[in-house]
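You will see two complexes here that share subunit A, one where it goes with subunit B and one where it goes with subunit C.
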Partner chain A sequence: MLNFATRRFGLSLLILFVAVTVMFLMIRAVPGDPVQIMLGPRATPELQAQLTAALGLDQPIWKQLLIFYGNLLQGDLGTDVFSGRAVTDIVFQQLPYTLELIFASILWSATLGIGLGAYAAAHPNTLIDRIAAAISVSFVAAPAFVVALLALLVFAVHLQWFPAIGAGDGFLDRLDHLVLPAFAIGLSWVGYIARLVRASMLEVMGESHVRTARAFGIAERRVVMVYALRIAILPVVTVIGVGMGFLLSSAVFAEIVFARPGLGKLVIDSITTRNYPIVMGSVLISTALFVVSTALADLINALLDPRARTAH
Partner chain B sequence: MEKSRSELGQIIVGVARDPLGLMGLIIVGVIVFCAIFAYWIVPYDPIAMDIKSRLQGPSAAHLLGTDQLGRDTFSRVIAGGQVALKVALPAVFGAMAIGLTLGMIAGYGPKWLDNLLMLFFDTIRSFPTVMFALAVVALIGPSLQTVVFVVMATSIPTYGRVARTQTLTLRNSEFILAERSMGASMTRILGVHMLPNIIGVLAVLAAMDIPTVIALEAGLSFLGLGVKPPTPSWGALLKDGYSLIRQTPWLVVGGGLPIILATLGFTFLGESLRDVVDPKLRKQR
Partner chain C sequence: MTETLLEIDHLSVDYETGRGDLKALRDITFNVNKGEIVGIVGESGCGKSTLISSILRLTAPNTRFREGEIRFKGQDLLQASDRQMRDLRGADISIVFQDPMQTHNPVLTIGQQMLDIQHRSKQSKADKLAHAAKMLGAVGIPDPEARLKQYPHEFSGGMRQRIAIAMALMSEPDLLIADEPTTALDATLEVQIIERLQELQREFHCAILFISHHLGVIAELCDRVVVMYAGAVVESGEVREIFHDPKHPYTRRLIECDPGHIKERARVLPTIPGEVPDLANLPGGCIFRDRCDQAMARCATDVPPLDQLKEGHHAACWLNHEEVTT
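Let's turn to the complex of A and B:
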């Protein structure tokens, strides 16, 4: 197990290393002088030279890369062009809002999805099973930002049940502001998770330990809830871990639509003001988040299912 | 050639027998029809401004109303379908072709090349799609080509991995071994014998990928980072609708419903195709 964990995290580190290098080279490969783009056409030559030196752009590329990695290992992702604050400070200030949103989305959609899937598997081919199947196919197809816009239109602008803008202050207010964006992000996951749980439930229900539990005369409800569901839930863990990138992407849109603070809003605002260090810092940190969550999902999976440890 | 045509016919019949598949076929058919004949269907020029009749509600003259510049929303919705397919089809086919080639090389070539390509795939997959798209747009600027590039780059690994797995399983099958022992070249083995066995699975993946691509194009255009105005993209419609959400709700509806319909149609079609072409795939996804 420890062996698997080391290998898995080694791979993650390697992937992150390559990803960061690719990103770095991509920035440098873009035609045009980044300093000129950042400062605009009216900057004086002295100012340009100063920023060039400050960013280390006058060094050869391999040295730039080394300096970049040196700084990165010390937790330094550069400074904001305008305020001069550290990029990490700014990104980590916004990150909690995004994580809060993602967590809320996963929480409600996984709860509902697992419930629906388990119920459908326990009562296959009933009316509710059919309805759940139809709903899940339809919801899987709905892109989060379209759902967010329609939810904004119906529930915030038209019915005025929920606030349309911001993240709110205080616990209840924040919760109130989370409802619509979390609904929009989670909606497509409900159906997806329900289908996943239904399929793996049906498989698990046919296995011998469930048959044994039944043979011992354990109540059907307990067989389903305790003996089958516990194992059938495993794929959901993996899917959520791998889906982290997808969730982050949806969160970007939800933050824009509901004018919430967060990583997505930060990136979009920084693109409009050409604040490259912030854009790159945010992309790097979200990529790291994604890579770590995928590795964690694999790890949890391996912990619970020994067969996964040997698979590539 | 005749054989493959009858196979194609069987697949279409199989999809049409499935109620969801038939629905997908109809929706996709309507969208493709509208996109091809958009020029003749639209009642107004989708980018012609008419300030006098701006921000109107739905009426007989303007089925879905008009936007802030007096452009007819219905015409823009129809023309938007053309833009969506113009991005989705080249991107998906490009990604499929490159992914297929790389995946077959990874599966058939030497081990070190396999490892290298897998690392390449894993690296691309490690960027959250929209974050990657935003980084690229920030660097090379928004345009239709940028969107196509981003979509291609992010979906190559999916095709590559599937093609690799398929190649690996086929690699030691008897007909490939026989071919190899007769001295066939690698290109012949891969192109003539492996390809027909892999392409079906990849085509299903491609059909299921189209909704994601359409949503990504619309999403980037919604953020103002996709196709440039005044091009009538569904996402651009949503962008206009979002800023005017209190005055003109029909803009958001007009931009949002086609996206949902299109993703729904392609998803139904893709799932049904998968069940007909290769039922085993169902468990892998």
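Let's turn to the complex of A and C:
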């Protein structure tokens, strides 16, 4: 197990390195002179030269990359071009908002999706199974930003059940502000996870070891919940881990629609202003989040499935 | 003395499929008495697994029980409630399923699974684990306490087969059903398992319904044998009778190909030329006709009934009818 974890960690670092390097090069390939955009058309050439030097943009690109990694190893992501604050401060200030949003979205959608899928699989082709399938399909088809806008209109503006904008202060208020955005992000996942669990569950229920469990008179509830479900949710764990990238992009929409602080909003804002250090910092953290979540999914799978521990 | 435990009475079972009903079992009749070992032999696909899964009603969802009864201690299991069936499973009747590599749950330890199947016992967890370790020891698994903490994939096929046997015997059932428990094993292991089964049978006095491809094993272990062909019983009787004086051409061919020595085994059941009839589209007359070298005109038109030829010896072949032989 330990061995497995170490190898998985090494792999994560490698993925992170590659992704960040590619991102670093890509953002420099965006057309238009960043310094001009940042300073506006009326800036003096001296001012432009000064900023170019401050950002290190006068250096060859490989040197810029080296400097970036050199600073990164010391925990330094540079400073905000406009406010002069450390990028790490700004990013880590926004991070919790995005994390709580994503976590809440996964939590409610996975719980409901797994429950729905397992129930449907235990009662295949019944009316409830069909209703669940219909709900799943319509949920899967619902894009997060559309759901976010509708939820905002119906539940915040019209019914006024939940607050429309911001992230709130204090535990209960924050929770209250989480409901609508988490609902918007999670909704399509409910359907997706339910369908995944149902299919995977039906397959597992047909396997011989389930028949063995029944042949010993083990209660049907235990057969379904322990003997079958534990195997059937393995693919769900992987899908959620890998789906982190998708969740992050949904979070961007939700943060914009609900005017919530968060990483997504930060990235969008800083890209439009070509605030390179902030963009790189947020991208680095988002990528790290993605890498950590896939690694975490693999570790959870290894904990749930003894075969995965030795297979690697 | 001979008290009947299990009676299969004119049982017919179909599988519903896309190309119509597959008549997997037709008019199966035989008994298993208390403490007796009965063997079932027949080629792949003749319905052996369907038969034993039917006894515990653990067949695939597309199974239809068309006719007949399965009586256990007088009670018809096909009419029993789900609750009654659950109470029998793993208590009065235990099964060792065919494929040892798929039979255990891959994500639970063997110890956990052996604990779970003792759900009816009021003992403490420690006592249950001790019981499990003792049973593993009894089927020849070395260092059983430590191995309870391991997962199925950490055992070889032969060991998993023995674990399955240990689990089935744990509740001291009245009837143990074993579906080809030695097919996955090599010859030496097979002999060991057979000997172990005989010892255990003497110890626990359970009846055993033993399914095999291998006549040698049947000859060694069983009191009586049922020969199946394409979903029907073609001959049944005492092992000695059947080996000495087979009354059905199919049985004779089986014996010619596999003379019944446990140590020189035929890897697969001997191949007899000709094809098994399509179960979804059965021809009239004798089902063995296409492969029988003694077939007569009558065999093409009339189905031979399973007749009692001697006390306890049945066969379904027109050759045994006097009008023909004289």
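The working rule: the second predicted complex is superposed on the first by the 276 of 312 C-alpha atoms of A that agree within 3 Å, B and C clash if a C-alpha of one lies under 4 Å from a C-alpha of the other, contacts with A are read in each partner's own complex, and residues count from 1 in each chain.
Just so we're on the same page, a residue touches a chain if its C-beta (ideal position, glycine included) is under 8 Å from a C-beta of that chain, and two chains touch if they have at least 3 such contacts.
Because the structure is predicted, anything quoted here is derived from the model rather than measured.
Contact with subunit B, but none with subunit C, is seen for A:267 once the two complexes are overlaid on the shared chain. By the touch criterion defined above, A:215 lies against subunit C but remains apart from subunit B after alignment on the C-alpha atoms of chain A.
Touch criterion met: A:137 reaches subunit B, while subunit C stays clear of it.
In the superposition on chain A, contact is made by A:286 with subunit B only, not with subunit C. In the superposition on chain A, contact of A:27 is made with subunit B only, not with subunit C. If you count the residues of subunit A touched by subunit B and by subunit C, you find the higher number for B. Contacts of A:231 after superposition on the shared chain: subunit C is touched, whereas subunit B is not. In the superposition on chain A, no residue of subunit A contacts both subunit B and subunit C. If you check the complex, the residues on subunit A that touch subunit C are 207-209, 211-219, 222, 226-227, 230-231, 304-307, 310.
By the touch rule above, subunit B contacts subunit A in their complex via residues 20, 119, 122-123, 125-132, 134-140, 211, 215, 218-219, 222-223, 225, 238, 241-242, 245-246, 249, 252-253, 256, 259-260, 263-264, 267-268, 271, 283. Taken in their complex, subunit C has these residues touching subunit A: 53, 56, 58, 86-91, 94-95, 97, 99, 102-108, 116-117, 119-120, 151, 153, 164, 167.
Contact residues of subunit A toward subunit B in the complex are 11, 14-16, 18-19, 22-23, 26-27, 30, 137-138, 140-143, 145-146, 149-150, 152-153, 157-158, 199, 244-246, 248-249, 252-253, 256-257, 264, 267-268, 270-271, 274, 276, 279-280, 282-283, 286-287, 290-291, 294.
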